[in-house]
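Pasting the structures here.
Two complexes come next, and they have one chain in common, chain A, joined by chain B in the first and chain C in the second.
Entry: the complex of A and B
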């Protein structure tokens, strides 16, 4: 099975707030794999495609975000998500 | 005579909140009631919710395409993402399958989310509760089969109350507004006057029938439902006269002189750059009041120093050397700001508002003072502090302002301390005005009147007490006398100044600087031209 893990430090000034969460969940949904997000390496995990769940983590600035993904495109998904968070949620717009 | 012609027009009395006339069909904006729908079968409820969610998604998409600003787009994108989220939608659908009605099920799914945002410690998260509430109500409106609250122009809108954000999102061309709640001094009324939208308050809107033509005579505080041909004709005539008078007033440019040739400076009250766009600075003697609350409202984040600086600077550029008086944040009272003012304040008008709030949020205040100190270099800026009650408050503001200037200079930025004045709206300050170290005084008559009379300006039953009294005029004279003796400027920027019927009384008190809603400019200048000196 194709399982992957990754983590990244989030520096966004207001934390995992509405705008960054919208971008993150949108990106996650672009992939087939099941993707979870957590604030520690062993969870608890929430569905990274759910804006309700992602925002409920209330992740503040300077938290480390952990991802785990399972599915055909798991590796690509995590690379993309890490790039998004690492680039402070700029999507080139 | 048959029934149709016999049917009598009926008059409904309210109170004028913004002058003007409008004729059009009545459109009722209802506040959402949760159980307006009749329960059908589980399958039909299921479909009703799915349809309402899809229709809401479509609304938001359309709004987002016309939004045109970053903050609005971000909020809409957040709401659209929520609608697509199975962890919100699936539990609602499960409840329907278990026997709940569609509206009930949707509320049950989203209400706990709203409650959790309401309880959040971080003000940014707390402010999101209003976005979820807005989304909940949008879906409930669709379930109730109500039209979206974006309405065509040229109608008369009737509602219980209206948040400023809805007012700003509405196209008011040829339209008017009728509210049950609110008052001539509420924030929406201020906006309505500024944009020339006829508005009355204190009307039992439940009795109004949707779609029937009505005449809104906001000069007289009247709504005439189903007017007959004669009324319509008379109305058109008056409207034509008014637009002629408006044009004449607009040509009343240049300095305002009394009948005896005395100069009175007339400035305008504004909320932002949008209102200045179409105006010629030559028409006015400056900006007497720039309300900064609007920079802070209906946003995801509080505005940054840089953002504020750019707006203040552009106002100074517009004024081209004429004075621009910017009031620091006057939140609280009837102007709550998500994440900043306290929800559920027992008595907001007597609570933590104006300078009281600013001094409790030093970071927010500091960013504003820094932006102002930087802008002061670029033009004729004056800054005033709202709700000053005791001299120490103004002293603390001055010290913080000086500190902000020092900081900026140390960082190598240009900064300057502008003249620092105070709003005179608390009776305690008016009575002891000699004790305040202010560079100028600006009388805020709206609050002064309600504090002097101990009568809420939002209570329609106390309208009589909300009129200016001798007590109020005595206080105004006291402030003006002190200003004249000490060589400082006193002006008045409340609604009193924009009422042509009150202009003579204000000039009688010695005032020679007035600041009014842009829509009142012509009428006020005309009233000044008729003034031949004190009647006494």
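Entry: the complex of A and C
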């Protein structure tokens, strides 16, 4: 099975709050792979497709977000998620 | 016809219902069928079975509809509205045991991915402390 890891610094002003969490979760759900998100390289991990769990991480600005993914489209999924976070969730709102 | 589960917001206040619907539209998007209702016809606080049925109709999806309610009468009137639906629709409408604003955003996020009605309900209800 295809396993991948990635990490990205989140500079979004308010951190992983409601709107960024919704965007991240929606994007994660577009992929088949299992995708986990953590705030340290060793976890603990939460399901990046669970809006409730992603929002509950309350990751503040300047956190590094760690992803690990497993599945056929794992690499593409992590590229897309890193791009989203790195691009400040597209609109900075 | 949408392939996503629809969301209905029922509040005693038209402002709360409208505001919650706006949050769903702006935070999640318009790919989830959405209906809302609140207040009584005189402009006061309240909920009505007829208005809830109309909101269910607006949000209708063959995949089902999840209703988020605020207090007391919103829940009982929603249950009554479900009972008055055509029989083939009744089993595809559920009232979520979740806070109305947060539940609506969470449920819509789940619904936007094409999730089942049961998955949408579970996501909304994950918010409720056990």
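Methods note: the second predicted complex is superposed on the first by the 90 of 93 C-alpha atoms of A that agree within 3 Å, B and C clash if a C-alpha of one lies under 4 Å from a C-alpha of the other, contacts with A are read in each partner's own complex, and residues count from 1 in each chain.
Everything below uses one rule, namely that contacts are C-beta pairs under 8 Å (C-beta built on N, C-alpha and C of every residue); 3 or more make two chains touch, one makes a residue touch a chain.
Quick caveat, the model's predicted, so the values are computed rather than measured.
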| item | value |
| --- | --- |
| Which of chain B and chain C A:64 touches, first, second, both or neither | neither |
| Touched partner set for A:7, first chain B, second chain C, both or neither | neither |
| Contacts of A:50 with chain B and chain C, given as first, second, both or neither | both |
| Partner chain(s) touched by A:30 [first = chain B, second = chain C, both, neither] | second |
| Partner chain(s) touched by A:18 [first = chain B, second = chain C, both, neither] | both |
| More chain A residues in contact [chain B versus chain C] | B |
| Shared chain A surface residues [contacts with chain B and with chain C] | 18-19, 22, 25-26, 50-52, 55 |
| Touch list for chain C against partner chain A, complex | 27-28, 105-106, 109-110, 112-113, 123, 126-127 |
| Contacting residues of chain A [partner chain C, same complex] | 18-19, 22, 25-26, 29-30, 49-52, 55 |
| Chain A partner contacts - residues on chain B that touch it in the complex | 74-75, 77-78, 81-82, 84-88, 113, 116, 120, 122, 124-125, 128, 131, 300-301 |
| Chain B-touching residues of chain A, taken from the complex the two chains share | 14-15, 17-19, 21-22, 25-26, 47, 50-53, 55-56, 58, 60 |
